[in-house]
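Labels A, B and C are assigned to the chains in the order they are written; within every chain, residues are numbered from 1.
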Amino acid sequence: MRNSLSKFGQAIKLPGLSFALAFTLTGFIIAFSDSKVLSKIGSPLEFIKSAGATAGNAYLALFQGSIFDINLTKGHNFFQGFYPLSETIVIATPLILTGLSVALAFKSGLFNIGAQGQFIFGAIGASYVGFHFQLPIVIHVIAAALAGMALASIWGGAVGLLKAKTGAHEVILTIMMNYIAGYFILWILKTSQFLRPGRIDPIAPEVNQSARLPLLAGANLRIHAGIFIALVAALFVWWLLTKTTIGYKFRAVGANGQAAKTAGISVPFVLTATMAICGALAGLGGAVQVLGSEHALNADIAGSFGFDAITVALLGRAQPLGTVFAALLFGALHAGGRTMQSNTGVPLDIVLVTQALIVLFIAAPTFVRFIFKLKKMSSSAGLTSKGWNG
Amino acid sequence: MSEIRSSVEKRRFRGVIVIASLSVLSFMYFGFIRPGKGDTTYGFVLNNEWVLIKEWIIASATGAKIFSGISLIASVSAILAFRKGREIIIPVGFASFGILMSFITWAASGKFIPLTGLLQGALLLAVPLIFGSMSGLICERSGVINIAIEGQLLASAFVSGVVASLTHQALWGLIAAPIAGAAISFLLATFAIKFSVDQVILGFVLNVLVIGLTDFLYKKLLVPYQSTWNTAPTFGKIEVPILSKIPILGPIFFSQTIVVYLMFAIVAAITFALFKTKWGLRTRAIGEHPTAADTVGIDVNKLRFKNVIIAGLIAGVGGAYYTVASVGAFGKEMTAGAGFIALAALIFGKWSPIGAVFAALLFGFADNLQSTLTIIGVSIPSEFMLMVPYIATIIAVTGLVGRVRAPAADGIPYLRGGSH
Amino acid sequence: MSLELRGITKTFGSFTANDEINLRVETGQIHAILGENGAGKSTLMNIVYGLLKADSGEIFVDEKVIDISDPSDALRAGIGMVHQHFMLIPVFTVAENIVLGHEKTGKFGALDIETARSAIREVSKDFGFEVDPDAIVETLPVGIQQKVEIIRALIYEAKVLILDEPTAVLTPQETDELLKTMRELKAKGTSIIFITHKLREVREVADQITIIRRGKVVGAVSPQTSEGELASLMVGRTVDLAPEKHKHKIGEPILVAKDLTVRNALGAAVVKKVNFHVNAGEVLAVAGVQGNGQSELARALINLEDHVEGSILLGGNEIRGKSIYDSLHAGIAFIPESRELDGLVGSFSIAENLILDLHDQTPYAKGITLSAGVVLAEAEKKVKEFDIRLQSVSDAVSTLSGGNKQKVVIARELSRPVKVLVASQPTRGLDVGSIEFVHERVLAERDAGRGVILFSTELDEVMALADRIAVMYRGEILDIVDSNVTREELGLLMAGVASKKASV
């Protein structure tokens, strides 16, 4: 009992310290960029009190915006206080899916920066089937999701195929594909097919009721069935990687492509299949976002989901379970960030900084040990990617 | 056609076929099937340089036929060169030029193309790409992958804009810019070299960090207190006496801001240094075979660290371009992926300085062409035009480059004695 | 200049690589350090050269203690080293490589290579070999590359020259040349530390032999000591230097290669129209010095190479041009040259590595699901059968020793129905015990009626195991001879001199 407890403590010590360091640094930035705090720089005690208060308020707002806010229960039932938690989950849902997309790619040795573009095509496909057709209730959702996944799968699989056939590095390819997808959605929202009657801004018609994902906790909370889809997807990825021959091939190529090839595994197949499945996952994220929360395609549908997916996957160490938790954490940061910005005036972009710092410290265990003067335990294999020579 | 042998030959063969087919298509489509109606006017005069020709007016269909004709002849010459086993790059280059000019002549029928302005703008847009690729070049040649070029450019754009605004002097902004780039480099070098963090992931994370910080400070300080923090003065153009008056070449090369002249100097210096000096020899050595360099007494990690910092300084100057050498004010994420295109230029240029510069100029031209055509009003939707630089990048790294060989030890942290 | 090591100890975690090593090299002496793979010789030399730091012990040069923490310290002390794996930058010229680390600069920091060029020409003339200072190193034959390394040490006035396994990549003739060069250097006053595991060479040229086993010095003897005694000291038990060759039945041709040509990425032919066959129940060895096309030929047999022309018939069926998967499953077992790069996935468990080729077949998988229980059970079986020493089949394969890693590769490859075993340098880097295991296994496969194609640069191994020997030189098979050929004749073939004997 004590042994496993100490092992757990050991395992959690480094990530815990990384988090602490990241949040502390973020607190510094919040405090020392505030003009009120800076104006007190003359008297050190006042300065520190003010800095602490500013950072403290910001973090309180972060909590209130992501987990629970007692103020919201006024005039409603107790559960309304959990509106922030529901928001966290709503944001985390597509993040889980895009995070899985990046995580799965890492397992095959690929760095899928293209989740953003794949998400966009998923959203486009789901949106079109959602508003253009009339289908019975469950079938409509499935059809719309599948349409999105198919488009996104092609968008992603193309990268895998190009890499397999030409050796081009997926980092450059996916970044470029993201920009192209970004412009594509701007264009498509202007076409007659996608223009919502009566509006001139780039927004598509709302998806029909039959295509929407049901809400889970009443009309006042936005949490929807998409979270179940996301969790099922995480289960699927776990199953694929650990229990199937396909996942075996993916992992072999990711760990040592040369040896895998020499043993007869087809590397081109793995590259293409991986990117196709990853595309489908990110596309599902886009579909879920449209069918579950936004209900209509707009220019900003992808937000920063594709981008955040990478930090999520890195934090989750490319494991399905870790990715789910990381997505929930970063979802909380985003939800809380919005409240923090509106309540305390701290721009929510600081959340990006926190995210980056967390990932940086998690990826550099030697650094955190160095900062906290810890002794080296067993070697911790960091997450790695492949350079240009593959 | 004799038996196809190697992957190199297969790629050359594909290249020749593609260019020949495009020439034929270009000739048929732009010349006969859907020729432009009206005349295309090419303007050669930009400001007050000496005038050789003022303009060239040609019927769009005729012009397309002429240029496509050139590309057809060049394609034939490429096929002949291929069969003789000779280099195909020059005829392919001419053919590409012909196809491109044919397209422009078609697209701009009935309109005016300021050609000199187009080329001058191309060079200008290529400036951050060139600085970025030079930064990447030094890092990668030393064996460190630098994905954080985007972050370096953005950070230095921010710092130079802010400093110039606070001091009301563009010059201070220019001086502060490299420092910002070097700061990002310092983080990259420390975590990659001292703590052996995976370099691709590290570069990406640094980019996110810079975006987060600059966006945050932009909202917190630059927007509410714009007059103090975000009104940077800009550099004016410096006209080189006499040289700037040469037709076409003058306005492009000798009528630019100080940042561009710095760029010329830096590119020349790097090319010389990398191949002709002790520093260059050692740099290339640690990128190819760091253990061998170690055995002759070179401190591999110290030199890598130093080089990454130098690269950061260079990228920093490139970031200054965005603010003090053009619009003055900083905008959110204003680099828009230039750091990644610079990386693509580096790969396209096969990690050589001249190659990277050439590739960057090509991308800059694609970008400027797209905005020029949009301005003069062309039938293709603007969103697709905006995609052009990115599509060009994809074509470059997949079709035209083939399997490239980065410096052999690129991205691998050096640990003496290997890992035990 | 005399060099002495006293009490040198170096550990890596729980593993002791060097244990209180004492060694003395006198001026103008050729001192051989003999030991099998993994004994600790390279670690010791890396310490002397400054690439590693000893945990304890001292180094004396001319009776004075010196501190070597860096190769530049060693260079300054007059110690030069020619490494087993060359420390040359492949894309640089000879002159650039030699100048590296000791650059002279002119105006504006411009590099001065001219001085180096003339120095190279002078030194190489002194010793009677021709090296072009402007040749790009990766285009030079391996023997010449080694000479470049030696020239470099001499130009920088090494008084003690360490040669780490220098003859591994040389033909017998080139080896003799090298030994001659060593004697000439000795005559000029240079001390030489000669690291090797080859008994014959050591007895030919050494003045003193120190034997290292498992990190400890177990003997300091004269070159008059017999080979048998040296071998026993090296390994710790009596070693049978000439394994028995008993009669076995040879059957019909099982693999036939016709006009097989392999080209590299630039289109140059590295294997030129070779023709050979191997019969069932026979070992065909492909001998030759590293770099004459053997690696490419071996890989081409399972279609691992991209540009192959010609025909490969396995049991009468054409397999050239098929996928690697099909080639392996048509009945070829392949032991790659580098077990770590091409043979095993380091982070996978031993059990997972054992199914790298069969993971999608019954009984290891049902449809697309892996049958984990079966995988583990089968792994345990193979571990017993092949005597693989490990803690658990679920450990990462990277935790195993070199010999055990190779056993995993062999176990995996021989678990399929096999017609032909292609083994590419299978005993490289292995300790004697593992080498013996591999040899036994090769002969067992032969006796079971398979055809074995053994690619090896070790003459002793080739002569001990082969029924017929094909010698490769510059991409061609110069001749295929019977196993009763002499070492001298083989040596000549390996150096490119075709014999008058009729081929079999």
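Throughout what follows, contacts are C-beta pairs under 8 Å (C-beta built on N, C-alpha and C of every residue); 3 or more make two chains touch, one makes a residue touch a chain.
Just so it is clear, the model here is predicted, and its values are computed rather than measured.
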{"item": "Most distant chain from subunit A by Cα centroid", "value": "C"}
{"item": "Pair joined by more contacting C-beta pairs (B-C or A-B)", "value": "A-B"}
{"item": "Centre-to-centre distance between subunit C and subunit A (centres being mean Cα positions), rounded to whole Å", "value": "48"}
{"item": "Intercentroid distance (Cα basis), subunit C paired with subunit B, Å", "value": "45"}
{"item": "Interchain centroid distance [CA atoms averaged], subunit A/subunit B, Å", "value": "31"}
{"item": "Interface hub residues of subunit C, defined as touching at least two other chains", "value": "none"}
{"item": "Where subunit B touches two or more other chains at once, by residue number", "value": "403, 408"}
{"item": "Complex contact set, residues of subunit B against subunit A", "value": "140, 145, 147, 191, 195-202, 204-206, 208-209, 211-213, 215-221, 337, 340, 343-344, 347, 381, 383-384, 386-387, 390-391, 393-394, 397-399, 401-406, 408, 410-412"}
{"item": "Interface residues, subunit A side, partner subunit C - complex", "value": "243-246, 248-249, 251-252, 255-256, 258-266, 381"}
{"item": "Subunit B residues touching subunit C - in the complex, by the definition given at the top", "value": "5-9, 272-273, 276-282, 284-285, 288-289, 291-298, 403, 408, 416-417, 420"}
{"item": "Residues of subunit A touching subunit B in the complex", "value": "29, 33, 111, 113, 162, 166-169, 171-173, 175-177, 179-180, 183-184, 186-187, 190, 307, 310-311, 314, 346-347, 349-357, 359-360, 363-364, 366-367, 370, 382-389"}
{"item": "Subunit C residues within the subunit A interface of the complex", "value": "302, 304, 323-325, 327-329, 334, 336, 341-348, 352, 356-357, 359-360, 365, 368-370, 372, 412"}
